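Provided herewith is a single structure, encoded as structure tokens, for subsequent inquiry.
Chain naming follows the written order as A, B, C and D, and within any one chain the residues start at number 1.
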Amino acid sequence: MSKIEKNNTTATLLMHCPDKQGILATVTRFININGGNIVYLDQHVDREENIFFMRVEWELANFTIPREEIEPMFDRLYAQKYNMYFRLYFSDYIPRMAIFVSKMAHCLYDMLARYTAGEWKVEIPIIVSNHPDMREVAERFGIEYRYIPITKENKAEQEALTLELMKEYRIDFIVLARYMQILSENFINSFPHRIINIHHSFLPAFVGAKPYHAAYERGVKLIGATSHYVTTELDAGPIIEQDITRISHKDPVSNLIYKGRDLEKLVLSHAVEKHIQRKILTYHNRTIVFT
Amino acid sequence: MSKIEKNNTTATLLMHCPDKQGILATVTRFININGGNIVYLDQHVDREENIFFMRVEWELANFTIPREEIEPMFDRLYAQKYNMYFRLYFSDYIPRMAIFVSKMAHCLYDMLARYTAGEWKVEIPIIVSNHPDMREVAERFGIEYRYIPITKENKAEQEALTLELMKEYRIDFIVLARYMQILSENFINSFPHRIINIHHSFLPAFVGAKPYHAAYERGVKLIGATSHYVTTELDAGPIIEQDITRISHKDPVSNLIYKGRDLEKLVLSHAVEKHIQRKILTYHNRTIVFT
Amino acid sequence: MSKIEKNNTTATLLMHCPDKQGILATVTRFININGGNIVYLDQHVDREENIFFMRVEWELANFTIPREEIEPMFDRLYAQKYNMYFRLYFSDYIPRMAIFVSKMAHCLYDMLARYTAGEWKVEIPIIVSNHPDMREVAERFGIEYRYIPITKENKAEQEALTLELMKEYRIDFIVLARYMQILSENFINSFPHRIINIHHSFLPAFVGAKPYHAAYERGVKLIGATSHYVTTELDAGPIIEQDITRISHKDPVSNLIYKGRDLEKLVLSHAVEKHIQRKILTYHNRTIVFT
Amino acid sequence: MSKIEKNNTTATLLMHCPDKQGILATVTRFININGGNIVYLDQHVDREENIFFMRVEWELANFTIPREEIEPMFDRLYAQKYNMYFRLYFSDYIPRMAIFVSKMAHCLYDMLARYTAGEWKVEIPIIVSNHPDMREVAERFGIEYRYIPITKENKAEQEALTLELMKEYRIDFIVLARYMQILSENFINSFPHRIINIHHSFLPAFVGAKPYHAAYERGVKLIGATSHYVTTELDAGPIIEQDITRISHKDPVSNLIYKGRDLEKLVLSHAVEKHIQRKILTYHNRTIVFT
């Protein structure tokens, strides 16, 4: 998977701070004078909150600062001065992702098809499920499948076990591909803004269970799907991506469920892709998704 | 407006009843054997509720039953036997519509542009408002504008006055084009499923006031608009039409409001159009919108 | 796969004929008086060509005409009288589909995921390719993969071989899932309106090779995909389904290709689904796709 | 219209040049060190052509360089050095727009509704038409209407007359709102990339006359509209905006024409809006449309 040549390695800086005149010029100048060739820059100023957001990516080939010193240097020079939050990523580190799934295959297939086609710079070493059903799919793609059944009684210890597994497999982020379990606060806090869920409605409409049934009852003309980071409040985390499709009176609930699958799989995959590409910043329960 | 030639006059039957084998054949046969040439037929069976819905339109030119006898005859022959709800419309009756508006012009312009271009078979004899602002627009199109200011104190009597006006102008249905007043139960019940509202969100998300602000707060990636029949529960009536548009982190609330206008005007106009064309049936707080 | 219970077997009639008063009543009456319970009916009248189209499906459980006699009886009673084209299908016959593929996996995965999830009432006994690349995918799903390399020199005989294979596997229709070979007239005529292709543009724009490059050159703001029946004129057959996605100046050709994949796979799968469901009629190089 | 306060006046720079390390930092630094507060910055690098594009907007309130000296200074300091194309605009200059129209009102109404609602920072002093039909609409909005009938014989002199009129009214750019005349090369060259047209198809499909009829014939499932700058090649100029809507076999040509109107008016208005906001750059027959 990691066929990126050394010479093309890039550093990506994701940051936000209170907006101040000259911040963009300062950061880009820092990269430029140290020999970094910027290959991507996108920024956004939230004029209501007065916050400056930026994603900038530059080639390390002729960058004069050693990679392990970039972060401390940046921290020393700017972070405190500008009251800046930032994250630094290197393109030759391939993030490691776990998929949690229950009984439905559509999101799983969509992601694994992209993964095996080499479309995503990610490693997927493990699939976790509270049901045995998807083992066959995992095996088709040669990915470790761990069946961890959950009951009311064993939930806490099974979660502990799962957390262990995440550590063991050095998992960076988790994708809930129609995983029908509510994670505990403890679990969620172990992966802050690093658990991506797909909810089968255009949130905030139809929070919780059986959203397609609720949509049918309400008589909506559009159904949707929403991918978001999981927070401790159910279906209320920062939204990454949403989409809808048109339905009509001719569609019974079973059609909504069926049509919704295409929405769910694309919305989830597109959100995961943006996460892998380090293109998402969160702020006050909202996301900045750079293009 | 009423340039429909006598010879082309059609009758339109909108109906629903418990589904029964042969109901479609029975009704179409009734039309056929009496010399009616069917120019439109669409039907739908709700298999969960087991209800049959149909819209059928036929030319009256060679129809042997006099138009004033169709309804009683149909009632006698079928309605009771099949426990049928039905409405009969003739194409040479031009329905009369009132527009209620507050301070925003976009929906008003969109409808009046279609109206004056002759796209809608409707008469719009009057525009009612709780503000004087839109008088100029009404005058541009030569339509009577009635300014009926509403305060907490005078609301009941002003509504009574408005109802009188509706009677005087023989209004068949009312369109709320961003009318910022909540109608009383009494008023709504005077026009059951004959008041069309536009709400500036994809209902049931963001019911009530300031939905764009709420959408911004929640960080959604899509904003929507919903046209529905007004019932006594706020923003909860049968949905006729919905649409959405994509937004991003770059859009402050003011942009949502601005982008939303195009949604609102098209969604409302499309809903009104379907109503004018007698293409909507309601059942259990949901709509069947024939194409 | 064929877990449909005998009792629920239905017959589906797809037909068109010159429009005539009473045709709908006649056909539905025929079904009704012989004990058939209609579970689906949709019809359409093309008022410009004056053609009546219908799809009607009824349960055979209490139908008094033996299934093998329905077609001849219908032919005798109505087809000639009304100058009618019709096809009759029984729901307990599972159509057999072959997939032709070259080197790209996305459409293949999307279809096989639906297939193995049991979403489609179809059998896919074979995948044919002019390249060996997709063998691994086929094997993952346990489907026979036949590698039939094609050069200018051997094209005719390889096609003959392929046709033999289609016969051997009793293939009803073929899906070209980004199959990068132009089929001969002879081959196409062996499967009239039974070969479904996906073209990676919104036809008729960008016919032929490299449509994404052409789209980039032209500077379009939308890219599309089109599924159509293959006819002997390149990319000019009856269109079944189309969709588009938005692009911007930020998207180089490689992005168009990448974004286009999601379009291609959904548009193709939706078209194949409609074909499997016997919901498509073609007339004068256009399709009627019943909902 | 020009209610922008002096203090809030901004300068907007639109530019492109061969990409070079440091160009972004250089320009933003120039603005910063001279006291300009940047309120908008968006840039794009075309990596295939290796061209850097930028739109930057800053407040003039504390900018130390007098406004009339910005352009020459920028030219002297950077334009030649970087082989840069640039345009400078000030927010207190309200651009002047002419609308050319033939017989259809929908685009005209949509633009005039936005204009009179104060949504667009533009002046529309004149509407030109080769037909008298739209005079009434123009009068409704109190805008000068000039009827300039065109025949094969008088085309050249009528165009000369029209050009005179544009000069007299100091017109900056022209919007063809379904104007059914082909402009001469001479006329087009007088307004390079300053004539915006709406074509009623998703270009490059269905170039030329009667695109809806052609779309119907081809049996497409989507119809579109395209707004573009007019160049001397018919319907081949740089595309600004496109959109589509779904149709089905149920839609005769008349429906395509009708449904297309909503597309046309929104696509055109959105394109005009971007032009007014100085958010469009063109390069090699393609547009960069900043968000």
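As a working rule, a contact is a pair of C-beta atoms (placed from the backbone, for glycine too) under 8 Å apart; a residue touches a chain by one contact, two chains touch by 3 or more.
All values derive from a computational prediction rather than experimental measurement.
Simply put, subunit A must spin 180° to overlay its Cα atoms on subunit C, rounded in steps of 5.
Of all chains, D has its CA centroid at the greatest distance from the CA centroid of subunit C. Annotation: 36 Å between the Cα-based centres of subunit B and subunit D. Centre-to-centre spacing of subunit C and subunit D amounts to 42 Å, using the average Cα coordinate of each chain. Counting partners per residue, subunit A has 47, 248, 250 as the residues that reach two or more other chains. The residues of subunit A lying in touch with subunit B in their complex are 44, 46-48, 53, 202-206, 218-222, 224, 238-244, 248-250, 252-253, 285-289. Interface residues of subunit D, counted against subunit A in their complex, comprise 21-22, 24-25, 28-29, 32, 37-39, 41, 43, 45, 47, 246. Contacts from subunit D toward subunit B in the complex involve residues 105-106, 109-110, 113, 116-117, 119, 140-141, 248, 250, 258, 262, 266, 291.
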